[in-house]
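One chain, chain A, links the two complexes that follow: it is found with chain B in the first and with chain C in the second.
Showing the complex of A and B:
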């Protein structure tokens, strides 16, 4: 995977926060996880990628972060459905960014949302994941990129 | 297609043509007969009227006779009589002569039948009678003019002409009744004859019409029967053909369909196509619609361009097929798990011509997933084998113990780097700390990789250092800046795994060789040497855990590997710098395990530093009255409870304090004023500052200013000390003191 490809996924995530959360998100120090069990919070929006690269990219965030984000958006119904929609939208923004930059090389699936079940996040066998902390206000979400 | 080339429609066309011709002939005949009948009817009516003419003669003559008696004008009757006589005479003469006559509308008629018996006899008799009758009529008609005269007394009397006329009329009266009846009978007979003729023709016409209707119906039924029969046969044949086509399309494993000029998919498709594309309906679907959801945009564009090319009239089909870019298209189907099922399809195109014109493209789609996967696996295997062979060739030149130690140490360093990265960081200061910490770790990996001649690892570590150097100079830092680092770290991990895997294969190889050597000549010393090395390798590679058996520990503690590594490193750096150096090592075999890695890392940095910066080039050395080859010595001394000491000394140019100060100023480590106040010891300590280097350019051997910082930090980790002494143009000596192993601080 190239630096530029990774930057595309990250930019998609931070742009969402800047647009929706009215406050830019900062990117924490990225690191590797090779045990096949990367970070999963309560809400996860995931896209699958095929073509030139294969694997999974997902955005995972905690309930507390999504609650604040919803409040910042002026949403009064702080339901699980709305939180799931949020992470789905982030995944969709990442997908849109990837399509814009690498649409000719990648096949990108429709975003899927899982809530609280780490076992629903299936990563390619043997692939190492890059975990990128996304810091927004006092909260931290994670963007995980696992491509073969 | 030729106009007359009607193919299977020829019988129908001929039948219709005959049918139409028959209708045309019959209609023509009907019209002819209708005209004839119309004429016959007029003629018959005319002749019938001639019966009246004879009665008119009789009437006019009687009228004249009566009027003569009453002295009335007879002019009208006279003229009418003349006209009637003339007409009968003309008609009868013409009929008797050649069977013709002219009616009062000046239409002429001629009937051959009237020249035959019995009409001919009737007409001859009538003509004779008429001649006698006409003689008397002519006598009357010759007496034209006024038949009266006015007497003196005012009365009117018959003049001579009148008297003669009265006599002629009286004479006529004697025959006229009989003659008129005969004439009337003659005309009636002729008219009846003509009516019979007319009836005969009507009968003929009716017969013809009846026959025509029967023939028409017969022809129509014949055509219907032919059409029905032909259509039934064709239906049967079409049904059989269709069944065969359906069987073929339902059985064939390839996806088959036709594409028209608008790239629309045809109606006939093989069953396999639905299976391949996971859809039931292809109606009103274009080739683009079919591919768009399955392939990336670039592939779709390529496919469209290629299909467009195939429609060119002057295209060399074989040539175009040879450049088919769609012979291995990756298609991805959404699966229920939200991911993709990937298949590889081969699209083959054949141009279909109809009437010499290109009408369709026959598309054959084959699922070549298994073939492609096998080919990919084979290619990956070959590439991997090639990479592993390259690695193998390098590894075979590396001391086994050093290599095993390196793998273990490098893995630790890389994991340490990942741990450093993983530490939460939001502020810039947090990121800066990470940079310097990672520098030391990667520099150690790079140094040892370089020393061992593992160029591929060296290059990757160097690239990692490049990225570190790049972000280090940035004014503001964030996690985004670290993205290239994590990508390169991933690459380093992968590569180290390959090296490890290679080592594992060598171990397997060793087993195979061991098995053979049990029966081989025990006097073959080379084989023995190889086996010993592999034995060493095996025991080392299996000993990630340093607490394993004493043999492994002994091997790990051996200084032979380190000595060999340092000699290789010194030689390599000297070659790079175009220098000559001779390394002398003492006591390295007695380095305690607890300091193995520390001593190794420090020695590597100091040796590299000494050769790169201390030892002069042969030319400079000769001009300084020194031997061309520089001398470098490393000595490890165990002082028991007093600790251990590593001494590295070269006979090079010594530390050049002015240059050190200048470099420190240029790198922003000290100000010019601070530098001016520094004594020799303080100046020398500058070389341990992170980022300090006297080299103008960055190479794999020097320039980053990380090596001495690594030495300092390693010593500090163990609560050790560094001592330096130098003399310009003569030597530089580093003394590293570390606590006794029993008091060593775990790093």
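Showing the complex of A and C:
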């Protein structure tokens, strides 16, 4: 993945938190996943990518971050279902926004959401995974981009 | 945003509109309804995918629809085409994360009247819907 391609996801992440959370997120230095075991928090939203590029993009966050983000959206129902909905929506939005640079042939699936199980997050064999650390208020989350 | 505008009258300005929200995300449906700040727009229905939207619209053909694109069962582009067949003058604002120009053009060619990219703020939503309604006057 080129620096420009990586920048697409970093910009998408900062734009999401600035618009929805009313406060920009700080993005740490991206790094490669070298042991095949992805970073996973309590809630994970996964998007399968097909077309010109193939792979997975997932956003994973803690319950505490999603609770505060829901509150900043004005949501009053801070339920498990809405946290799962939100984590999928974040992954969907950041992946969808990437089409601005990747083009229409960057095809994204509807989100799949998992809660708390790292073994349910499966990355394609042979693909390099870039982990983008996200810090927003006092909370940490990760965006993982794994494209062949 | 592609909106055809015509001269308005005082009668048009006071016209009230019914609206349906179609998005597979419950929190986005609730966000749109919560942040809707236009007195003459009333949300009367919501749908979690395109198939449900078509069924609901057939029973209750509203004036305005906000439409997501990436949804299970029936996507937003296909749904827009079906809604326009049922009611050609329906006003449709597509609200999607798919931010490439080709997708926006495809949505407009399918019959949508406007396109708003996710993530969106409350004022961006209001502005997009106000522009849509101006086109109906």
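One rule holds in what follows: the second predicted complex is superposed on the first by the 146 of 148 C-alpha atoms of A that agree within 3 Å, B and C clash if a C-alpha of one lies under 4 Å from a C-alpha of the other, contacts with A are read in each partner's own complex, and residues count from 1 in each chain.
Quick note on the criterion: contacts are C-beta pairs under 8 Å (C-beta built on N, C-alpha and C of every residue); 3 or more make two chains touch, one makes a residue touch a chain.
As the structure is a computational prediction, the values presented were derived from the model and not from experiment.
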Chain B and chain C placed together on chain A: clash or fit? fit
Should A:28 be classified as contacting the first partner (chain B), the second (chain C), both, or neither? first
Which partner does A:133 reach: the first (chain B), the second (chain C), both, or neither?
first
For apex chain A with the CA centres of chain B and chain C, the angle to the nearest 10 degrees sits at 60
### Task
Could you tell me if A:66 is touching chain B, chain C, both of them or neither one (first, second, both, neither)?
neither
Practice item. Mind working out whether A:15 is in touch with chain B, chain C, both or neither, as first, second, both or neither? Key: second
Notebook entry, point to check: Looking at the overlay, what does A:40 touch: chain B (first), chain C (second), both, or neither?
Noted result: neither
- prompt: Once the shared chain is lined up, is A:92 touching chain B (first), chain C (second), both, or neither of them?
  reply: second
- Given the touch rule stated above, what does A:110 touch, chain B (first), chain C (second), both, or neither? both
Touching A:147, do we find chain B (first), chain C (second), both, or neither? neither
Message: Taking the superposition on A as described, I'd like to know which of chain B and chain C A:74 touches: first, second, both or neither.
response: second
With chain A overlaid, the minimum CA to CA distance between chain B and chain C in angstrom is 7
Dual-contact residues of chain A, meaning touching chain B and chain C, are 103-104, 109-110
Listed in rising order, chain C residues that touch chain A in their complex are 24-28, 30-31, 34-35, 70-72, 96-100, 102-103, 117-121
Within the complex, chain A is touched by chain B residues 294-298, 301, 330, 332, 334, 337-340, 342, 418, 421-426, 430-431, 434, 478-480, 482-487, 489-490, 493-494
Chain A residues touching chain B in their complex are 1-3, 6-7, 10, 26-32, 34, 46, 48, 50-52, 54, 56, 103-107, 109-110, 112, 122, 128, 130, 132-133, 135, 140
Counting only contacts in the complex, chain A reaches chain C at residues 15-16, 19-20, 70, 73-75, 77, 81-82, 85-86, 88-89, 92-97, 99-100, 102-104, 108-110
